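Here chain A shows up in two complexes: once beside chain B, once beside chain C.
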Partner chain A sequence: MSEEKQVFKDDSQLRQKTMIADHYSRLAAAPDTGEKSVYTFVPGNLTELIRNFDLLPVLPEINALQSAMRGKSKEYIAAAEREGHSEDVCTYVKCDVGMKRAGNVGPTGERLPDPDLLLLSYTGCFTFMKWFEILKQEYDCPVTMLHVPYQGEGEITDSMRKYVVDQIKQKIIPALEKASGKKFDIDKLREQLRRSAQAEDDLVAVLESAKNRPSPIDAYFGGVYYIGPIFTAFRGTEQAVDYYRLLNQEIQERVRLGKGPVTPDGEMKEERFRLVVEGPPNWTNFREFWKMFSEEGAVCVASSYTKVGGVYDTGFRHDPDRPLESLAEYCLGCYTNLNLPSRVDTLERYVREYQADGLLVNSIKSCNSFSAGQLMMLREVGDRTGVPCGFVESDLVDPRYFSGSNIKNRLESYFQMIEQKRGGVQV
Partner chain B sequence: MNYCVGIDLGSTTTKAVVLGESGEVLGRGITNSRSNYEIACDVSVGEALISARFGLLEEALAAEGVEADRRKVQLEELEQGFREEQYRGDLRELGSVMGRLLEAGTYSAQEADAVTCVLDKMEQNAGSLYGRGKSRKSDFFRDLAGGEYLELVEGEAKTRALSFDRLVGLYDKAILEVENTVAHDESFSSRIKAALGRIPEQDALLAKAISAVVAMNLTKAGSVGTGYGRQTLPFAKEDIRSEILCHGLGAHAMFPNTRTVLDIGGQDTKAIQVDGNGIVTSFQMNDRCAAGCGRYLGYIADEMNIGLHELGPMACKSTRPVKINSTCTVFAGAELRERLSLGEKREDILAGLHRAIILRAMSLLARSGGIADEFTFTGGVAKNPAAVEALRKLIQENYGERTLNISPDSIYTGALGAAMFAQREWRRRHCA
Partner chain C sequence: MSANRILELVESAEETYRDMSLASVKAWKEKTGGLAIGFMPIYVPRELLHAQGVLPVGIMGGGDDLEIIRGDAYYQSYICHIPRSTIELGLGGQLDCLDGMLFPAICDVIRNLSGMWKFEFPEKLSRYLDVPQDFTPEMGGEFYKSELLALIADLEKRGARPYDKEALRASIRLFNELGGIVRDLYALRRASPWKVPTAELYCLQRAATIWPVEEAITILREYHELVLADETRTPMDQARVVLAGSFCEQPPLGLIKTLERSGCYIVDDDFIQVHRWITRSLDVEGDPLEALVNGFLFDAMASPTRYCGDKTKGTELVTRVETAGAEGVLFCAPSFCDPALLDQPMAVASIEKAGIPWTAFRYSENNGQFQVIREQAGTFADSIKLWSGV
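Moving on, here comes the complex of A and B:
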C-alpha cells in the first residue's frame, strides 16, 4: 500500500511530494551542511519562528505517518514494544521510538539529524510532554516548552494570548537563539507571516471549494496532501506561497469544469454522498480506506483533521502587524485545542455549510486526545442537523487495529443508511 | 406464483425467507454456512421453498375444509416423513461419496468393511429419528449424521483395532462433498409423495392438495442478499443490502413499535436504532474484535463438551452466578477451566459467561443511543434463555421498564428484512 503505487496525481500533488522529499534530503545533509534542526509538533507549530533562525523543523508525527504509509510502522512499533512501551500507548510515539532504534532513518530512506532543540509546543495533545521526555533521554538535548492553555471556555482571552506571547518572548526565542547562534529578526518574521497569510488564503479557498457540487476535492483524504506543506516545514516560505497558488488554480479549474475529486484510482465520476469527517485518517491502509469511500461515490467535503495544525476557515490569518500575538492565536486556535462544544459547533457548521449528507467519525484507538467525547459529539451533531451519523474505528499507524472487512462493512451500512433516509420507506 | 426471497448469509448459518406477492411470509429456510457460499444460499432457499410449499399445502387443506386440528396432525406426520426421506437421501449420497473415497484412497478392506457396517446401522436407525412429536439435536444433516457416525465408528474401530482418526477423517472429507450438493425442486415432489406413502391411512383430500401444491409454479421475482458473506453472494451489487438495514427493517416488520434492535450473531453484535418506519437512524457494531459474540458460546459449549442449545438451560439453573470479566473467547476458556478446578458449579460459571457477553452488548447499545421502547432482540443468541434473562436484568437496572420482544423466528430477522427490500424493488419495477 505504498504511496508510490498511486497512479493518478495532479501537478500540485507532484509538487508537494517533491517539496517534502527535498526537505527530508536537506535534513539528511544537515550534519554536513551544518544546518541545525528543531523537533516540534504539528498542532500549534511555530514554523515561521523556527525558520526565522534558519533552523529546520522536524515533525515526529509526520515521520510516523509517513513511515506507516510506507509500511514501516509495524516493525517500528514492535521494536518499541520490545523495550516495554505498552500496547495502549499512542502509536505515533512507539513508531517514533522504533524509528530511532532503526537508525533514525526517515520515511524517504535518509537518516534524520539528531535534534539541536526539542520545541515542545504543548497544544491539544497531552501525550506530547511524555513523548519529548522520552526523546530528551534519547538525545540528551535541550527542551523548551510552550505551554498553550486549553480553550476550556471556548474562547481565547487576552490573558491567554499574553501568557503565550510572554513565553514566546521569554523562553522560546532565547532557546531558538541559543540553538542557532543567531539573533531573532522581527522584520524577517513579519515578511514570513505575510507569506503565511497569502498561502492561508489560497488553502482556505481550496478547502471551501468543496461547497460546490460536485466537490472538486476530497477534503479529508485529498485534504491531507493539501495541508502537508503548511503544517510542516513550509509555512512562511515562498515555496508554500507558490504551491498553494498552483493548487488553488488547479482546483478552481476543476470547479469551472464541474469535475469531481481526483482519487488514487482516477477522477471520481459520480458524487453520491457528501460527508463531514471527524478524526484523523488511518495511515497504514490509507489508500484502501480512501477506496472504500471513493468506490461508493462518497466524497469528504469537510474534515476536522485538516484543521489539526491550525484553523484558518474562521478568518484567522497570521498577521505581520501583530506577529507574536498572531502566532499565539494560531497555537491557541488549532482544532485539537478546542473544547468539545466548539468542536461540535465546528462540525455542525460544516454539515450545514457544505450541505453534507452525514457526519462520519473515524475514532482512533490509541489517541485519547482526539477520541474522547467523540460519541457524544456525534450524537449532538446528529440531533442538531438531523443527518445520519456513522462511527468507524481504526488506528493511526498500528496496522493491527485496521480491520478492513469490518470497516468496509460498517461504511457500506452507513452509506445505505444515508440512502435509506433519503428515499424514505420506498427504498 | 411470484415470490421474493431474502438471504442472510451469516458466519454460522445461512437463512432465507420467501415472501408471497402481497408480502406475506411463505416460508423460511436455514442451513449451516459452509465454504461454498453459493451452495449455502441455494440450500437455504431450497429449504425456504420447501417450507413455503408446506404452508401452501396447509392453505389448500384449509380451502378443502379440513379442520385445523386435523391439518396440524396431517402436516406434522407428512413433514416428519418428508424429513426422513430427505435424511435417507443424504445418507445414500454420503454412502456413495464414502464408497468412492474408500476405493480411491489408501484404505484397507477392514476399514471399508467397518464403514459399510456403520452406514448400514445408520440406515436402519434413520426411522427412529423421525416421527410425530420427535425432536432432534439439530436439523442439519452434518450434525445429525456426524453425531451418529462418530458414536458407531468408535465402537467399530475398537473391536477391529482400527484407527478411529482415519475413519473420522474419511467422514469429514465426505460430508463436505455431500453438503455441497443441492436438492433439486423435483426432489420435493418425489419426497412428499414418498412421505404421503408412509402415512398408514390414505386420505384423498390430502393427496389432492399435495398434487396441487407440487404442480404449483413458484417463480422468483426478486432477491436481496445480506449478511457477513453478502459480497460473495451471487447477486448484483444493487441486490445487496447491509445487515444493519435488513435487521432494522426485519425487526420493524415483526414488531412495528420497535425502536432499538440488538442482534447477536456468530461473529458480530449489532445495536441498531430505528424510526417508526424501520429506517435506521444510528447503529454500532462490535469493534476490532469479536469477543462476546455467538461464536463465544459455541466455543464454551465445545470446551464443556455439551451442545450449544444446552448451554442456556444449564445456565438458567444457576443460583449463584460467578462474576466473569473477560469476554475474550480464549481467556474465557482458561477462566472456565480454572473455575471448574476451583470447584465452582458449571451452571454458575455459565451464568457468569452469559452475563459477560450481554454486558458487552449493553456497552454497544449505550454507544448506539441506548435502549428505547420497544426493544427487539434478534439473532441466534436470542434463542438462549440465559442470555435473555441476563439481558432482561441489565435493561431493568440500566434503563428501567422496557418491552422486550423476541420472536421465535428471530434468527430470520435479517433475511426477512432482505426479502422486504427485494419485494419493494420488485413492486417498484412491477408498477413502473
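Moving on, here comes the complex of A and C:
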C-alpha cells in the first residue's frame, strides 16, 4: 500500500480506480442489497450476458492477482499447499483457495459474496475446469459450464461455433435465468453488444497507438494495469464506453505531444527499446518488474497477455446483429485458445507492425497453457523476423519464483544484445 | 512349460514397447502398405483408424531408455517429461515411420505439443483431437461427431481407405473383443492379483497399443488362458491397493515392479486407459459412428481430464476401491501433471470421507531411483496389513 501512494496516475487511471472500487463495494454489499454474483473467468467471459440478468461478475484470476499485488498471495498459497494442493500446479488456483480460507476478502478489504452461480467458461486453459471443480466443492451453488473448443487447426469451424452457441442457448442462459430470477432479454443484449463494439474500437485504437514513436503506452504493464482490466467486468456498459473514449482521447493527446507512456514512477522520457512480450506478467513484484524495463527505456509495444480476454486487433467485434454467434466467436478467438502456429503468427505480426527491437518471453512456472511451447515459439519468431529474442522466468502470484536480481541481469544482457545487434546493422 | 510361455509373451511385449525404432510398425507398413498414425494418451477412437486401414500406434513417451538432449531445449524444467521425450523421439527420427500424430484433448501441454508438431513435422498429419466436455448428444455429441468426421477426412487425404460403415462395424467388433479381454484380465487381477502381476499386465497392455489389434487379441487371450491355468502362482500376504494418477506419462517399469515388491498388490490402476476408456462393448447394430460418439458420451471412464459436472469428485475412485476390494490408494502421478495433481486434493477428500487410507508420491518417466518410493509404499502396505481393522 505504501507503493500505491507514490504512483503517478492519469485521469483515466483515476476513473478506473473509482469504477473498480465501486464494483467491489457493490459486491461487498450484495448480501444486504440482494444483488447476485456470478464467478467466471477472464478468457471467454460472457460479461454482457451476465449483466443482461443484472448479475455481478466476480473473476477469481483478478482476485488472485490483486492478492499478489497486496502481498497476500504467499500466505494464501501456503494455506492451500498445507491442504494438499501440489506445489507443481497453478498458483492462481492455490491463491484463490487460500483466499477463501482467509475469509474471501477482496482487494478493497471487504468480503466478497459467495457465488450464486459458478459459470465455468472453459476457454484456452485446462486448469479452469479443475479450478471450478474445486470451487464447486467449496460453495453450495449451481455450476454451469461453457466448453469452448480449441482452435487446433487454426480456424473456427461451423461445428465449433454451433457447439458454443447451442451451449449458450440451452445451458448458460437458462442457468443465468434461474440464478437471477429474470428472463433473458435479447434486445438488451444487442444494445450491450453495440456498446461493447464501441469500446472495442477505442480499445484497439489505444493498443495500436503503440505503433507511434515514441509509444504513448506500455502495452504490457500498462496494458494489464489500466488499459485492459476495465474491459472484462464492464464490457457492454455505458461506463466502459465512456472509459475507453476518455482513455483513447488521453492517449491520442500523448501521441500529438510526442509523449511516452505513463509508468507508476511518472512519465517515461526516452524510448530506447521497443519490445513485444509473450506471457503473463509477474504480479507479486509487478512494479519492480515494470521498473526494470522503464529504467532502461524499454517500452512494451505489444503483448499477448492483453489478448487473453479477447483478440480485437484482428478486426473481431461483438456484433449486435449476431449476438450469440459473436459471443461464441469471441470465446473461440481468445489468445490462449489459438494454436501455436497462430500464436507465432500473431507475435511475428506484432514485431513487424510495431517495429519492435525484440521479442521477450516471460515464462510463467504455473501456466502451462502459455508456457508449454514458448521456447520453440521464441526460436521461430526470431528466425522469421531476425530480432533478438529474450527469455525470463517467473510466476503469476507465487513470490518464491520471482528472483529479481536474476531477472534484472537477464534483462540487462538482453538489452545489450539488442544494442549490439543495432550496432551490427549500422555498420 | 506354461511359465516359460508366459515369460516369453511378456518379454516380447516389453521388447515391443521398448523398441523406439518401432520395427514392428515398419514391418506392418511394409507388409500392408497402410498408414501408421501415432496417438498420445489417453484415448483416441482406434476403431476409426483401423476401419480406414490405418495402424494406430500408442506413443507414450520415451520412458527410462531415452536420453533427452534436444527435448530439453523445447521445454522449461517445470513442464512434465512426456512432451520432451516425445519431441526427442520425433527429432531423433524414431517416429519417421509414422504418417502422423493425434493429440487428444487432455491438458494444455499435450494440446500445445500438437502445435509444435505442426512446426517440426509439417509434412506429417498432426491433429489435435478435441473432445466434448458437454455430454449431451445434441451438443457435445454433435461436436464430437464433427471432430471424428474431420479426422476421417484428414486420413483420407493422406491416402487412407475411404470411410465405410461396414468396415467400422467390423473394427468395432475387434476392439470390443480386445477391450473385453483387457477387462477380463483386470477382473482376474482383482480376484486373484497373484495370477496377474501388474508389471506383466502393464507390458502386455502397452504393447497392445502398438501391435495390430488382431495380434493383440491373440496374445492377450493366450496370456489370460495361461495365467488362469498356472497353479504355480500362489497368493502372498500383500496389501491390496488402487494406483491412481498415472494415465498419461507412464512410470518406468521398474517403479511398478518396485511397488509390487514393496508388498502391494495393485488391484486397479490408471495405466494405458485407451483399452478401457469405453467401459463396455460398443453397439455394432446401428450407425457405428454414433456408437463411437455414444460410447464416449455415456460409457467413458471417469477421469481427471473429463469434466465431472454435478457429480462429486472422487466418488468414482471410492467405488473402484470398493469394487476391487482394495485396502488403500497410492496416488502415483507424474511431476507437473496438471490433470492428476489438480484432481488429487478432491479425490483425497472423497476417499478420506470413506475412511480409505492413502499415500502419494510423484515420478518422472525416466526415474531410476526407487528406494524412497519403495520405503514409502512398503511402510504404507505394512501399516495396512498391521493396523487396518484395528
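By our rule, the second predicted complex is superposed on the first by the 413 of 427 C-alpha atoms of A that agree within 3 Å, B and C clash if a C-alpha of one lies under 4 Å from a C-alpha of the other, contacts with A are read in each partner's own complex, and residues count from 1 in each chain.
Going forward, contacts are C-beta pairs under 8 Å (C-beta built on N, C-alpha and C of every residue); 3 or more make two chains touch, one makes a residue touch a chain.
Since the model is a prediction, treat every value here as computed from it, not as a measurement.
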Under the stated touch criterion, which partner chain does A:375 make contact with: chain B (first), chain C (second), both, or neither?
both
Regarding the shared-chain residue A:393, is it in contact with chain B (first), chain C (second), both, or neither?
both
Does chain B (first) or chain C (second) touch A:129, or do both, or does neither?
second
Taking the superposition on A as described, I'd like to know which of chain B and chain C A:166 touches: first, second, both or neither.
second
So, does A:300 touch the first partner chain B, the second partner chain C, both, or neither?
neither
Quick check on the superposed pair: does A:365 touch chain B, chain C, both, or neither? Answer first, second, both or neither.
both
Once chain A of both complexes is superposed, is A:86 in touch with chain B (first), chain C (second), both, or neither?
second
Mind working out whether A:356 is in touch with chain B, chain C, both or neither, as first, second, both or neither?
neither
In the superposed model, does chain B or chain C contact more residues of chain A?
C
Going by the contact definition given at the top, which residues of chain A touch chain B in one complex and chain C in the other?
365, 375, 393
Name, in rising order, each residue of chain C that touches chain A in their complex.
73-76, 78-79, 83, 103, 105-109, 111-116, 118-120, 127-130, 132-134, 136, 138-140, 142-143, 146-147, 150, 304-305, 307-310, 312-313, 335-339, 341-346, 348-349, 362
Residue numbers on chain A that touch chain B, as the complex places them
365, 375, 379, 382, 388-389, 391, 393, 401, 403, 406, 409-410, 412-413, 416-417, 420-421, 424-427
The residues of chain A that touch chain C in their complex are 83-86, 88-90, 93, 122, 125-127, 129-131, 133-134, 137, 143, 145, 147, 149-150, 152-153, 157, 159-160, 162-163, 166-167, 170-171, 339-341, 343-344, 363, 365-366, 368-369, 371-376, 380, 393
Interface residues, chain B side, partner chain A - complex
228, 241-245, 268, 277-285, 287-288, 367, 369, 424, 428
